[in-house]
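Read from first to last, the chains carry the letters A, B and C; within each, the first residue is number 1.
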Amino acid sequence: MQADGWQAMKPGAVIEQRRPDGSLRHLITLEDLARSEIETLLERAQYYVREVGQRPPASERLRGVTIANLFTEPSTRTRVSFELAGRRLGAQVVNLEVQLSSRAKGETMLDTIFTLQALHFDVFVIRDAEPGVLSHVAAHVAPHVSVLSAGEAHLSHPTQGLLDALTIRQHKGAISGLSIAIVGDIRHSRVARSAYHVFRALEARELRIVAPAALMPEAREFAGCRRFERLEDGLVGVDVVMMLRVQKERFAQSEVPDGDEYFARYGLTAARLARAAADAIVMHPQPMNRGVEIASEVADGPQSVIRAQVSNGVAVRMAVLEAVAGGMAA
Amino acid sequence: MQADGWQAMKPGAVIEQRRPDGSLRHLITLEDLARSEIETLLERAQYYVREVGQRPPASERLRGVTIANLFTEPSTRTRVSFELAGRRLGAQVVNLEVQLSSRAKGETMLDTIFTLQALHFDVFVIRDAEPGVLSHVAAHVAPHVSVLSAGEAHLSHPTQGLLDALTIRQHKGAISGLSIAIVGDIRHSRVARSAYHVFRALEARELRIVAPAALMPEAREFAGCRRFERLEDGLVGVDVVMMLRVQKERFAQSEVPDGDEYFARYGLTAARLARAAADAIVMHPQPMNRGVEIASEVADGPQSVIRAQVSNGVAVRMAVLEAVAGGMAA
Amino acid sequence: MQADGWQAMKPGAVIEQRRPDGSLRHLITLEDLARSEIETLLERAQYYVREVGQRPPASERLRGVTIANLFTEPSTRTRVSFELAGRRLGAQVVNLEVQLSSRAKGETMLDTIFTLQALHFDVFVIRDAEPGVLSHVAAHVAPHVSVLSAGEAHLSHPTQGLLDALTIRQHKGAISGLSIAIVGDIRHSRVARSAYHVFRALEARELRIVAPAALMPEAREFAGCRRFERLEDGLVGVDVVMMLRVQKERFAQSEVPDGDEYFARYGLTAARLARAAADAIVMHPQPMNRGVEIASEVADGPQSVIRAQVSNGVAVRMAVLEAVAGGMAA
């Protein structure tokens, strides 16, 4: 346990995520989760992990529970991952093309939520590009309803953070001894923010963020992280390299190096990866821009654990769904 | 039982909705349903009602039954409501983006229907903007197939009518003693027409329609209803106020007061609601245009039963699905 | 068994479709299936056939199996047919709007496939307009994963070929004694190619293709088939008339007779059908262009088995899913 460094900052979460008995009700951010809560989720997720080629786990733990998948941004991968997680626990999952955040009128959003609640949905899995929508919904639903983030603006993507942590644990053991570098568009990344929260809670030894100046977060964020503008410097000796997807629209900003230039400076090649620890692992939340932020030799190389991340995604979502809704099953 | 007034008109339904043994096969309109048939459906629906927070009902009554949700107009709310109703009865429900009414060629529509029939769909739940499509389909399907309306043009929305009746019964008891006002764009409203049919069959004491002249139905329709152009007059002493959604495109008509003006004249405020009976309830089929046809103080106020309507929607659809398809389950 | 004629050509299939033990793993083409393999599939499909009005078959044979429906071309009919087939065997079926063939970058397509594999999908049902995508996917998936074609470019539509064969067997008995004419846009038709493969494997007595010159396939294709430009000639004495849908965009080609002209020369009318055997059957893969390639008097006439084809489609897909995934069920 360290008294200083990046674990020091602890801003309060926007909304209470727990029930009066302390159990997890919502999962909108990892910011206020204790180490023990996270470890309990990761252990349960590990229980649901299966190798590719094995049968997926099947359970009736959430029989009678109805889950709404509300995605206002496209995301086949995460949507399907939640859908399969719910169905493999015996829940009913309905995909809805509801426009949650009719940005002008908060009341209309709540009307939609109350309607879904009246249809006896118990869990709302929400992806939304507008910051605050999830907390707003969570603050208004009935006591038995849970709200899970499937990605909120640039702020948070908690199940991604958990699956990243699970993947590291599987390959490197406890996170507390590790040095981890997050590389790319940190400024706009919910993946980076949730990774930061979970690695801080699990007391990683060192956390680095690596980005061009224009994609660095503001100084008040990512407190305690070491910042690097040169990828070669940021990778030295790290145990985990977590690459981020760079959105092509960022290249329109004059300060951001564009495609080829980005790869020349920030693309993870085998030569650059050699600066990390010899047994370092490489992660990416997908979808990858091969030849932009990552070379195929690395993405498909022996140190890549990118495919394991996807499998872990279903297991983590099963653990989270079970944690928030397991008590309500029929 | 009254011999005169608005219950007098009884136009024949377009198609026979019953099987030779008298049981319900299709539900396309409430126009020809007897009071006893409606009451049987409402009682069964009541059996499936659950409070928000309770587990939804689960049944295997429709196991082996396959339901097609055919929506050619967008409607998340009603589609999901039918989907959940079917699944909670153990049926398989498939959502289809089939274009039913290729308006030029009736044969093509029937080819689609025969194809779905050959796939062993037993129930077609259809929403369509074109009058007559549902009856046309119902007239051609095989004897074991049922057709349910989820909203047909401006003509009919029978499950909405039933859920409205169920909601009133829950809050006010028998409908036969009540005075009910329907307010808004009556002329274009299938909700109003189905409400009219069900309240007439259940022998409401008095039915009023309240609308600007341009949104009043033709004189031959809504026989027996008292017509009001001033909302203040129409509300006096009623037990139930049923507000309708006004479509923004109506405001383009020069005779229709637009947004603010509409609210000034036809918006249901607390002050206006005070003209109704002290224990009057307020209904709305949703989605609401708050600040246009209804003030939030009323929508969210103690007399509002709007959320109960949604819950009742699933229960009513379960009762209807069970009525038409319960005999065919494996 | 004939030594010459159209059964002679036997080009190798693009990819090995069988497991080392000889069992069927993928179904991308019928080109290399032996008569005995096809007959085994057809017999199993027949086991799953139900009359319209009977309950569809229900089984738990694929319990624990997860099927991805990946359609990059619209096809409600075939998609729903696969969905129902999977669900009626107890599998979980997820419809995905994944863009498989990001044409520029093969790697991206494989990333998508590996992601789905990591989500524990066992079967990929793929429709794609780009030739070769299915074989490419099949060549890269893990050993336990199966790839099924739901239509590949103009090349192949194997479950359609099987359902066509099943339909003929039901009405005419063994295919080996029959003369079959395929009529229409042979050149661009995957339906025609899969029909050709299955009828050749089942040793039809004679196979004819009938088309305007511009829609005839190249000479090296459909080896052994008799070619006719005049429909009247091609129909003489045949036992089966298989009509193809003509795409309206073909009429833009100057060599192709357009709508009315097409019907005048290639539309199947009762008068023309009279040239076939008295008990000839008429097939069409749907959707039909009535009044273009087929007259309603024929489509709805006593010799039409078009609706039976649809029912057989679900049964065939059940048999195929069971064949490739039956061994992996939990």
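Before moving on, here are some points about what is shown:
Rule of thumb we're sticking to: a contact is a pair of C-beta atoms (placed from the backbone, for glycine too) under 8 Å apart; a residue touches a chain by one contact, two chains touch by 3 or more.
From a predicted model like this one, the values you see are computed outputs, not experimental measurements.
Bringing subunit A onto subunit B by least-squares fit of CA atoms involves turning it by 120°, to the nearest 5. Where subunit B touches subunit C, under half of the residue numbers in use are shared by the two copies, so each contributes mostly different positions. Rounded to a whole number, the gap between the C-alpha centres of subunit B and subunit C is 43 angstrom. Multi-chain contact residues of subunit B, defined as those touching 2 or more other chains: none present. The touching residues of subunit B, when paired with subunit C in their complex, are 64, 66, 92, 94, 96-98, 105, 107-108, 111-112, 114-115, 117-120, 142-144, 328, 330.
By the touch criterion stated above, subunit A contacts subunit C in their complex at residues 50, 52-53, 55-56, 58, 76-77, 80-81, 83-84, 87, 286-288, 290, 296, 307-311, 313-314.
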